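Structure first, then comments.
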Amino acid sequence: MKNKPFVMIGGGGHAAALAEILIKQKKRIVGVVSPELTAGNILFENIELFLNDDDILKFRPEDILLVNGIGSMPYKSLREDVYNRFKKLGYVFATVIADSALVSDYSTLECGVQIMNNCVVNLGCKVDENTIINTSTSIDHDCTIGAHCHLAPGTTLSGQVVIERNVHVATGVNVINNIIIGHNTIVGVGTNVTKSIPSNSIVYGERSVIKGLGITHDC
Amino acid sequence: MKNKPFVMIGGGGHAAALAEILIKQKKRIVGVVSPELTAGNILFENIELFLNDDDILKFRPEDILLVNGIGSMPYKSLREDVYNRFKKLGYVFATVIADSALVSDYSTLECGVQIMNNCVVNLGCKVDENTIINTSTSIDHDCTIGAHCHLAPGTTLSGQVVIERNVHVATGVNVINNIIIGHNTIVGVGTNVTKSIPSNSIVYGERSVIKGLGITHDC
Amino acid sequence: MKNKPFVMIGGGGHAAALAEILIKQKKRIVGVVSPELTAGNILFENIELFLNDDDILKFRPEDILLVNGIGSMPYKSLREDVYNRFKKLGYVFATVIADSALVSDYSTLECGVQIMNNCVVNLGCKVDENTIINTSTSIDHDCTIGAHCHLAPGTTLSGQVVIERNVHVATGVNVINNIIIGHNTIVGVGTNVTKSIPSNSIVYGERSVIKGLGITHDC
């Protein structure tokens, strides 16, 4: 099982970041599935390129592990749709943990969870399938995170936070202890979350102010 | 001295996080003192449970090191009270530094300081007794932090910041260079601190806005 | 080339932080150039002190690598001026990467770039000369950062961000994907950047509110 080769779905920045993590771990990637490569071309140059998702069907489910390299964006369901389609067909999505991340032995990650560089997942946490814990995110003890979420880079969760499924937490969000964020919610960049949020919400902080410096005028 | 066993005070999430750090370092925990265990039960399952603080008196001060596993919350003095009581009785509180943290050889930590996972403490810093530097907090050069403080997860201090005693810095706070934060102050989640703060203050940023997404209505 | 000794310019906190990183890497520092040492005195105590920038001329450019230990502050050009002066004279500024930082093999750093403790630079990034990536900053895939920038501690850049030359990004700033920040811009502490910013701008978030706690009045 552990020696199965990997097939990467997606050819953008998230796929490339995952590929670098896997290659460092001496994992073997035997295919990348994407209509085009827009990042990490050097990483993929000796790996066979498949242009259509249907090409995945050329591999038997028991022979490979899939890696969902499609990035997660608010209002876009492509990442989840691809996951669900191939899961139903019997394929298994690899759980990826970067060597530079720290995941407690007392936490559990479901299939397809991706823990990117420099993350912390402290003890007592549960992360459900196909969720991305992105670069330098810190998750404290006893948090529960649902399926198909994205915690963008630099997110900080205090202890005992619950994030339900399909939540998009944008870059640099801070969440205090014991908060519940309902499913299908979008938390905007750098929002400070100090109370629980109902499902299907959008939450954001104050907008920043842009002024001219008044020094030079060459822009 | 270095081989003394540890007795953990507290049975919640902070105690469990500390216990995991110590167990990774092959430290021996011979007792946990708490009316109940609310986190990390697996970690404590082979460790004797004591229900009352007075049970600590069964150990001689010279035989053990205490670990203050009581979490720090604003307006609550339990953590400090327990520390002071047992310090007066001659007990010593262990200084705990997670293996994943980076603490400069040119900084000093007093008794009972706890540096949790993935923290940085750069050179020239002083951290006084019983203070928690929580997960993924970054402290730059030449900062001075008083006793009984809590820097919650994801705090970032620039260089030469002074934080006096009994300050609670909530999750994700950012502090620029050369700031002084007076004692007994509470800095709210994600606050950006750009000027010095008098003692006995509460400081907070703008509140975030929550709206419905208008997509579905099942909440 | 790799065995050339280093000469540190500057005697404050940034110089000391760089010196600690280099000393850990067994690099040899043969001189520190500063009218006075204001930090890290222990680190420099066996290193010859030179009081004037002109003393650098006592070393031949081919014999040493310079390290720009002058901190970067908004509206101050000293760091850049010193870099340009000695570069024109044929000196080379060392690229410094802390052991605790993670820099992708698929990113490029120009001369004089400084990657401080606990930073991440993911794949596909380019960082131009004399730029500081300060403590615990996280830079995601495919970012481009110009010359003479300072990303202060705790900055988080999502993927594909472009920061032009001479930009000061203050502590704890968060930037979403695909943003362009024009040259000569200052981004204030903890700002959440959600749209591109013209050159020569100043950008900042809402100010925080300070109130008395109403508990004691000894400040």
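Things to note:
Letters A, B and C mark the chains in the order given here, with residues in each chain numbered from 1 onward.
Just so we're on the same page, a residue touches a chain if its C-beta (ideal position, glycine included) is under 8 Å from a C-beta of that chain, and two chains touch if they have at least 3 such contacts.
Please read these numbers as outputs of a predicted model, since none were measured by experiment.
Connectivity without subunit B: the remaining chains stay one piece (groups of touching chains, all others kept in their positions). Rotation relating subunit A to subunit B, from a C-alpha superposition: 120°, rounded in steps of 5. Looking at which positions face the partner, subunit B and subunit C present mostly different ones, since fewer than half of the interface numbers are shared. Here the CA centre of subunit B is 29 Å from the CA centre of subunit C.
Annotation for subunit A: residues touching 2 or more other chains are 118, 136, 172, 188, 190, 205-206.
In the complex of the two chains, the subunit B residues touching subunit C come out as 102, 104-106, 118, 120, 122-124, 136, 138, 140-142, 156-160, 172, 174-176, 182, 184-186, 188, 190-194, 197-206.
Those residues of subunit C lying in contact with subunit B across their complex are 13-14, 16-17, 20, 39-40, 42-43, 100, 117-118, 134-136, 152-154, 170-172, 188-190, 205-213, 215-219.
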